[in-house]
Amino acid sequence: MADDGLLSALEAVLMVVDEPVTAAQLAAALEVPEPEVEEALLALRAEYDGGAPGGRVSGGRVRGFELRNLAGGWRIYSRPLHAEAVQRFVMDGQTARLTQAALETLAVVAYRQPVSRARVSAIRGVNVDSVMKTLVQRGLVEEAGTDPESGSMQYRTTAYFLERLGVKDLAELPAISPFLPDLEESTAIYPGR
Amino acid sequence: MTEAAPTEAGVPAEEGAAVVVGFQVRLTNFTGPFDLLLSLISKREMDVTEVALATVTDEFIAYIRALQEQGEEWALDEASEFLVIAATLLDIKAARLLPAGELDPEEDLAVLEARDLLFARLLQYKAFKEVAARLGEELTQEALRFPRLVSLEPHFAALLPELVWKHGPDEFAALAAKALAPRAESVPPSVSVEHLHSAPVSVREQAELLALRLQAEAQLSFRALVADAPDAQVVIARFLALLELFRDQVVSFEQPEALGELTVRWTGTGAISSQVSDFDSLEGEADG
Amino acid sequence: MADDGLLSALEAVLMVVDEPVTAAQLAAALEVPEPEVEEALLALRAEYDGGAPGGRVSGGRVRGFELRNLAGGWRIYSRPLHAEAVQRFVMDGQTARLTQAALETLAVVAYRQPVSRARVSAIRGVNVDSVMKTLVQRGLVEEAGTDPESGSMQYRTTAYFLERLGVKDLAELPAISPFLPDLEESTAIYPGR
């Protein structure tokens, strides 16, 4: 069970992080073995959620903030319940909604990565060049080198995408239809060509 | 073909539905041909089946035609994607209009393959569309949380390791040029020609040619009408042209027995109808 | 005595704001009378320090963060007790390299200065609040007063930036294409912006 000193030191470091931080990084800073740090992080998370951490008798109140493990790291967030109040102080364009075209393109990249623009275009039935550029610019998608066979640029989603989505890794993405045909790039649906 | 353009399809509009004053048809912007096709199918509450495809073909064509008439500014490369789908739909529909076995086995197979591939692509798109909607919901939900992102307290900031800097003035300028360059949206649309593997055949031109011949001869067999066709595409174009002419009620068909000789008779009066084909006028847009 | 809902909402805001905020600002955002907010802030501070807040029976543990009232504003800081761990984290964890996003933002500031954050965001198509913060923290960019028209804060590059780039003054920055349009519009994949 994590002791109060470790919990407190972890909190102190979490106050200054500006991107998700791994248990390993925290362990290095605190000079404590990583498993202990992991256990303490879980205890903190439970405590902020109103639970009784590590063997304590009673739980506390639900905090206005939460500790989450996303995109491979831990970070403190405000709780969604208070979004309205927080928004008045944090001017942030993050809440801008993606268009359907952007979402669909992002979805194809997420589930087919690494993937070329041509392949995404074939799946969506439209040219995706400009939408892809914007997704790259928004930091949700990045270039992933060229395909050795075709020489075309491949794309993948970023850690920022995972963070924005609120998941730890790609394996946590919602399942897509299991019957999905995996069609190759061919756009040759026209007969006799 | 039905002339009723679809209105208000049940799909969220992108950047708002395009409405032009003075035109009655309200159109929704779709994110692509599959989106439109799915919407048309779901509007009719049908499964993705052959029947559904044949039934929605007219609406699909009518939709893109209405877009055109409305002067909708859509990207040309997207238009061509719509046309590829429209062409496939028309082929499937054409195949259904024929008595079984009329096409030669090779062409028949090609139509079947095209249909199956279209089904597969449509299903694939449907799955991604559904999962995209879920991602959208989750992104929206997640946007209610704000990460702690505050500047370091000055006494900690002072401890930051010295910055590694490897850019010379020219490299930095190149970076600036890239950062300041107009974004993708400002780039004029370009036409993708990836799917054009051979020169397109104009159904309109073929229709005019057939009309002239039929007017001169009063009646001709289909075999005779396609005897000089250089390739399968021209045969298909002429066949589609005949369907259009039949719709315009300027030709009639006679076929005494299944798989027998098809006789085409000119029944029109006066000049050749200039309204030859929905499909062709769209094709003209794509290759013109 | 402050209720849990108010404590939680206050925490949510305080956890994510960068600048100290006053009780009056918090009261306005939460639509709660200012004296209640002040009472709640004091209760929070006591709680973080390990005391028993507002009539509760027992105190909790001392937190790794503390709520401080400086120059009339409230902000959460990491507790000085753990400064050593925080220092280790800051020194190893932080990358000594600027991210691509930071470099591009710096480039826009360099060639468009003085310029507001909103303007840089519009040019880059992404929110630049946090990278701008990093650049200021790194001493590459500094505040250059408010724009008389819009009242927004303007930014410019520093002498340290010129030094790192290896040029004597701004006039020595290589010219970039004169054909670049000065586009303000935001990206089209976000509807209604």
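Should a chain be cited, it is by its letter among A, B and C, assigned in written order, with residues numbered from 1 in that chain.
Rule of thumb we're sticking to: contacts are C-beta pairs under 8 Å (C-beta built on N, C-alpha and C of every residue); 3 or more make two chains touch, one makes a residue touch a chain.
In UniProt terms the chains read A, C = SMC-Scp complex subunit ScpB; B = Segregation and condensation protein A.
Everything numeric in this text was worked out from a predicted model, so none of it was measured.
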| item | value |
| --- | --- |
| Reference chain C; chain at largest CA-centroid distance | B |
| Centrality ranking, top chain (CA atoms only) | A |
| Rounded Å distance between chain A and chain B, as computed from the means of their C-alpha atoms | 35 |
| Cα-centroid distance, chain B relative to chain C, in whole angstrom | 48 |
| Distance between chain centroids, defined by C-alpha means - chain A, chain C (Å) | 22 |
| Chain A residues counted as touching two or more neighbouring chains | 14-18, 65, 76-79, 86, 90, 92, 94, 97-99, 101, 131, 134, 137 |
| Chain B, residues touching no fewer than two other chains | 14-15, 146-150, 152-153, 156, 183, 185 |
| Chain C to chain A touching residues, read off their complex | 4, 7-17, 21, 25, 29-30, 60-65, 76-79, 81-83, 85-86, 88-90, 92-93, 101, 121, 124-127, 129-130, 134, 187-191, 193 |
| Residues on chain B engaged by chain C in the complex (per definition of touch) | 14-16, 146-153, 155-157, 159-165, 167-170, 172-173, 175-183, 185-186 |
| List of chain A residues in touch with chain B within their complex | 14-18, 65-66, 68, 75-80, 83, 86, 90, 92, 94-95, 97-101, 103-104, 106-108, 110-111, 118, 121-127, 129-131, 133-134, 137, 163-166, 173-174, 176-177, 179-181, 183, 186-193 |
| In the complex with chain A, residue positions of chain B that touch it | 11-12, 14-15, 31-35, 75, 77-78, 81, 84-85, 87-88, 91, 107, 110-111, 113-114, 117-118, 120-121, 123-136, 138-150, 152-153, 156, 183-185, 187, 192, 194-195, 197-198, 232-233, 236 |
